[in-house]
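Chain naming follows the written order as A, B, C and D, and within any one chain the residues start at number 1.
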Amino acid sequence: MSFAHEQRVYIEDTDAGGIVYYVNYLKFMERARTELMRSLGFGKNRIFNDGVMFVVRDVQIKYLGSAMLDDLIRVTAEPLEVRGARFIVRQQVWRLGELLTDANVECASVARSNQLPIRMPADMREQLTALINKE
Amino acid sequence: MSFAHEQRVYIEDTDAGGIVYYVNYLKFMERARTELMRSLGFGKNRIFNDGVMFVVRDVQIKYLGSAMLDDLIRVTAEPLEVRGARFIVRQQVWRLGELLTDANVECASVARSNQLPIRMPADMREQLTALINKE
Amino acid sequence: MSFAHEQRVYIEDTDAGGIVYYVNYLKFMERARTELMRSLGFGKNRIFNDGVMFVVRDVQIKYLGSAMLDDLIRVTAEPLEVRGARFIVRQQVWRLGELLTDANVECASVARSNQLPIRMPADMREQLTALINKE
Amino acid sequence: MSFAHEQRVYIEDTDAGGIVYYVNYLKFMERARTELMRSLGFGKNRIFNDGVMFVVRDVQIKYLGSAMLDDLIRVTAEPLEVRGARFIVRQQVWRLGELLTDANVECASVARSNQLPIRMPADMREQLTALINKE
């Protein structure tokens, strides 16, 4: 079972097409990634203390269905691959049993001071890797 | 004639009600304030060099009509009052002859280093004041 | 005790000043208003069935402090005044004991069909009014 | 030469990392796609009259560099492939000679009435196809 974060769709998330504005699914996914990291002990304070920062390098996302106002959605975050300074997370948005979007998000760790690539903290790498092996 | 900035309404600005999401008018207004400041010579670089930063302290906004997708709107920015560390700008959003929103936005200058109130650069105060007197 | 809704601040909510982008507090407040209405039985479906829609007519908001990334905030929604086709909600954003923003938001009920003012459902008016009297 | 649309980066586009929030590049790209369509005669009114609506089905985006507050960026929109009910647009964001993001965006035409796939208007397909052949 991959990590999942429940979210509510508010009017701010929709557009004049009457559905969620497709760009906003990336926000939903980032919230879930953030909560995954927090659940592993890597909230903002820990990450700041390590002088590291994560930037998104690559996103591949497919839109299969549409969430609507007031929907309760379930956003997953499942590490697929972890290297020294990068990791890929698979993320899906579900409404009940319906898959609405399916994405791979690649994040890189960079130094907060100069934005150059830097290895992520060892225990973060270990924990993310452990999530892969558990499956 | 007050300063005005033309903007286009895109799908990102709308909501499921089929009209512009009311919160976004504040973004339109900030764009116009930013362009007013740039037109006076106070783009980002100048402001950063002065070690100052502007924060919004108070907004009063009335919604009278609704902009829609693809509308071309005209957003005004007209200084109403300028003090040492604060200024109030009146801002309106128009679509042709129709007034859609009418707001007063109060901004304060704070030091970039510690966020404490600080007097704005003298030439900025003078230029904003000159705009008031011209009317 | 007024209704309150807890929310987390994500990176999407911040700006280059390092704090929450002031416009986004209005989104936080709308989420809390929506949850207040849902708690009273007026979720999207009920409101749609009544052929009514709510639009914001007037906002007065004061910014007193700044929320930051990862903050857990508490957003209140407290009806102040209820008339046939309008109501005013006082909304505050708190981080622990610190008041960050304080606003009055006036909403009007309009017909979904033609956007003209229309009385809100009687039981909604009664429930909102009951919240005022309870205090 | 592909179609390009100049845009300014405002504070609303940035995040606490001090750079443009990566999700917002998709908004920049949609603005450029919209302007490309408008330049071909397919503004909102024309598209509405045809009973058609476009939805994004797939995005692949690489982040190579970061735009910052006040940057003037150039967003391209270049059709790569056009079929009956779908087209793929390559979109890049440039700051002077620096490529910041590079994406392929696949859009599908659906009927406004029921959201089912529908062929796009013939003249739209022809014009988008002509742009490919011109290169």
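Operating definition for what follows: a residue touches a chain if its C-beta (ideal position, glycine included) is under 8 Å from a C-beta of that chain, and two chains touch if they have at least 3 such contacts.
Keep in mind the model is a prediction, meaning the values are calculated, not measured.
A.B. asks: Using C-alpha centroids, which chain lies at the maximum separation from chain A?
C.D. replies: Centre of mass proxy via C-alpha means gives B as farthest from chain A.
A.B. asks: Copy of A-B's interface among B-C, C-D or A-D, judged by over half the contact pairs being the same?
C.D. replies: Within B-C, C-D or A-D, the interface duplicating A-B belongs to C-D.
A.B. asks: Could you give the separation in Å between the centres of chain A and chain D, each centre being the mean of its C-alpha atoms?
C.D. replies: 24
A.B. asks: Using mean CA coordinates as chain centres, what's the gap between chain A and chain C in Å?
C.D. replies: 28
A.B. asks: In whole angstrom, what separates the CA-based centres of chain C and chain D?
C.D. replies: 34
A.B. asks: Residues touching two or more other chains, restricted to chain C: which are they?
C.D. replies: 11-12, 17, 23, 27, 30, 69
A.B. asks: Inside the complex, what are the residues of chain C that reach chain D?
C.D. replies: Touching chain D: residues 11-12, 14-19, 21, 23, 68-69 of chain C.
A.B. asks: List the residues on chain D that touch chain B in their complex, please.
C.D. replies: 8, 10-12, 27, 30-31, 34, 43-45, 69-70
A.B. asks: List the residues on chain C that touch chain B in their complex, please.
C.D. replies: Where chain C meets chain B, its residues are 17, 22-24, 26-27, 30, 53, 55-63, 66, 115.
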